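Both complexes below contain subunit A, partnered by subunit B and then by subunit C.
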Partner chain A sequence: MEPYKFDVNNYRNLLKKYIASQDETSLYQAEQFSKLSMQHNISPEEIINVHIQALKELYPDLPVEIDSSMNFLLETMISYGLAYQEFQTLREKQGELESEISIAANMQQTLLSTTIPDIVGLDIGAISVPSHQMNGDYYHFVTDESNNLGIAIADVIGKGIPAALAMSMIKYSLDSFPETMRNPSVILENLNRVVEQNVDTSMFITMFYGLFNPETGSLQFSSAGHEPGFYYCADKDQFFEMTTKGLVLGVSDQATYEQFDITMESDDMVVLLTDGVTECRIGERFIDTEEVLEVIRKYMHLPAQEAVELVYRHFERLQDFQLRDDFTLIFLKK
Partner chain B sequence: MITKSSVQIRKEWDIVGARQMGRNLAKELGFGTVDQARITTAISELARNIYLYADKGKVAYEKIEDMNKKGLRIVASDQGPGIHDLSKVMEDGFSTSGGLGAGLPGVKRLMDCFDIVSEPGMGTTITTIKWVR
Partner chain C sequence: MNLDIEWNDNGKTQGLKLAGEIDAYTAPKMKEALLPLTKHEGTTIVVDLERVNYMDSTGLGVFISALKSTKEYNSDLRLVALQDRVRRLFDITGLDSIINIDSTVRGGK
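Right after this comes the complex of A and B.
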């Protein structure tokens, strides 16, 4: 006998056996029957109908009151059947959406990809990991003919697909600026206007832009409300916060961005990051800057790429492998 | 052969009348218990929509008894405000009941054929058929 087949005979036999012995085996088979019915999209009212038929076959003299009560139950279950069918449809839809999002995430990765350039005298490491599928963080490197390095790091406040779309826009604006436009404050002012005109006011973008001159070791930078980076001075063996000021992008079309600069000496390092690093949470507590710097210090003697990856692994573990925010970290080591 | 009958919907009580007529016809046509329950649920949804959104209208029934097919056609019509965004309304989860499978998408699931014609300001006509299996 095929015990799980969905038909009245099977159900009746199972029911008969159970009523006679009230045994666990029959109940286990009922469970299998129930699962199989779900796989075949059998709705609850149909199960009840089978039950009614089986009862009538087992007890031809079934009291009419019981019969009516079973019909009553059947009517009551119709809406549950509909809800169950709707659930099936929604589940299929969800699957489609998920696969669409993963395609979009791949596309985003291709669109926003940047290669880390070879700059003599500067060791660069960069990592960016989204907390969900789409990344709301972004970093980008460009070099010009005199080997100056432009570095952008940005964070959209807001996550997911809208953030990713806004990031693509930032990337294409950056790409479209003429190569002669290298001044960090000018770049941010121009981007600010693009964002102000094109992006919904509920979406904010913070951004740091730096221009490194490998000849002189100077790093000029401006920031649009972005998480401050750190400058490690090897001579003093100390980290300094790279304090800046400037409004986040897209708030006011009048915003201007002050430009700062530092000169990097041998073994100095600049750390750029997004708030996914500094607002890393352990349980209920945000970690503080000292802890972040401690971790950075632990790995910074390593080649820059290896170092950023190890720092990331450290925080990933600290957060039980569930990033709460997109995480982006860049090391520039001289 | 086609037999026609209808129920006017003006007050909530008429929904019960519409169900009753639908069930009787479904029984006569030889629908099983489960299908009877499905047909009456569909009628309820259609009649309640008329009562709630169009104020008044009617539910009409046609017994279809062809050589090879038997079925029940239900036409719910009103001269109410009409439905503006049909594709939205047919989406799962849109109905005000919060998407528990009921509403118009539910009617579509319960029945075999389903069609809406609705003109904003002119009214709504929903035609559905269930075939005897």
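Right after this comes the complex of A and C.
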């Protein structure tokens, strides 16, 4: 089929053919013509203008009433033309925004990137996978001069870009605390005040903070409303929920955080996670804690990084590769 | 995934009966129904969650906003008949210590 050019002649011939035959083919061609016109940003009133010209060429004795009515129609269509132009502009802008969001998502990854440190006597594995472009989950490792390891895992509630920005705020606050204050309950109390003052009312953050001393095997921790992790005691071959009590960050500036302490022995393991793991759904059913622990148990003999990745793959398959929530999992194996 | 909201206007006591799931998609609908009610001084808003079988953290965010608004306007928010799964969320996040939750009527199957 020959391509249609947007000109009066072409339109006139088409119109003439249709008026004479009233066949489906001409109508189909008219449809093609309008699609092509849209591609070339031709406004509806321009098409009407061409129609008027074609009509006048075909019927030089066109009644003056028809002629005036066509001009009237032309005026009426101008707003549609403007709306269409606006639509085009918005579509372009949307494309730009989408690419900006993906740049922001990349920047977030760079800003928030944390390297898993080498700690003698502790095998660390960590994975965090967003369900959408921007990740609302976050983990961070810090080591101090005495070789203690600080571990933060957090979930920002209120998703998307504001959540991501809040994350960056948390990260820089964490990095700026002096070493003398790196005690989990103090860190959470300070962060709570930062978040409470800076973040919008419906947004809040859950966070677990732990401080591991490689020499003694002691792990001190506090939690601000974060999904409880698990402590695997090799001696008893049992998992224990790391029950804590503490209000989420950003709700009340009065919040205080209790600090707990466990001592990890050889082959013990601590599992930290976010609710993207525990709130996983299989069809209409929610996974229960026992099932989560079963999956963890299946892979925990492997090196920690390999193990968290395999646990993630397992959950990804369970949910048909459609994560409903961001998924973060950390293993600390002694 | 849907949330039905039934509103009972009894003057000083405003009841909201929710049924379904509260997640990122339905939470805005709940916010729209709940927030305006908190802005009348002396009102008690009772949110019945008996038929809510799932709530995620977005839902918690709405209740936190509502709570902050009750403090500002001197109204009162109560949550009743929570199912265990929903109740657990309030426990873990420590919100049970600042939101008035009545679990004497248990929700669920």
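Points to keep in mind about this one:
One rule holds for everything that comes next: the second predicted complex is superposed on the first by the 244 of 334 C-alpha atoms of A that agree within 3 Å, B and C clash if a C-alpha of one lies under 4 Å from a C-alpha of the other, contacts with A are read in each partner's own complex, and residues count from 1 in each chain.
In this section, contacts are C-beta pairs under 8 Å (C-beta built on N, C-alpha and C of every residue); 3 or more make two chains touch, one makes a residue touch a chain.
What you see is a predicted model; the values in this text were computed from it and never measured.
Contact with neither subunit B nor subunit C is seen for A:E57 once the two complexes are overlaid on the shared chain. After overlaying the two complexes on the shared chain, residue contacts for A:D261 are found with neither subunit B nor subunit C. After overlaying the two complexes on the shared chain, residue contacts for A:E316 are found with neither subunit B nor subunit C. In the superposition on chain A, A:D123 makes contact with neither subunit B nor subunit C. Within the superposed three-chain arrangement, the count of touched residues of subunit A is higher for C, of the candidates subunit B and subunit C.
In the overlay built on the shared chain, the residue A:V251 is in contact with subunit C alone; subunit B does not reach it. Contacts of A:E196 after superposition on the shared chain: neither subunit B nor subunit C is touched.
When the shared chain is aligned, no partner comes close enough to touch A:E291: not subunit B, not subunit C. On subunit A, the surface touched by subunit B in one complex and the surface touched by subunit C in the other have no residue in common. Residues 45-46, 49, 52, 71, 74-75, 78-79, 81-87, 89-90, 93 of subunit A are the ones that touch subunit B when the two sit in their complex.
Partner subunit A is touched in their complex by these residues of subunit B: 32-34, 37-38, 40-41, 92-93, 99-102, 105-106, 109-110.
Note for the complex: subunit C touches subunit A at residues 24, 31, 54, 56-58, 60-62, 64-65, 68, 85, 92-95, 97-98. The touching residues of subunit A, when paired with subunit C in their complex, are 155, 157-159, 201-204, 206, 224-228, 245-248, 251-252, 255, 275, 279, 286, 325.
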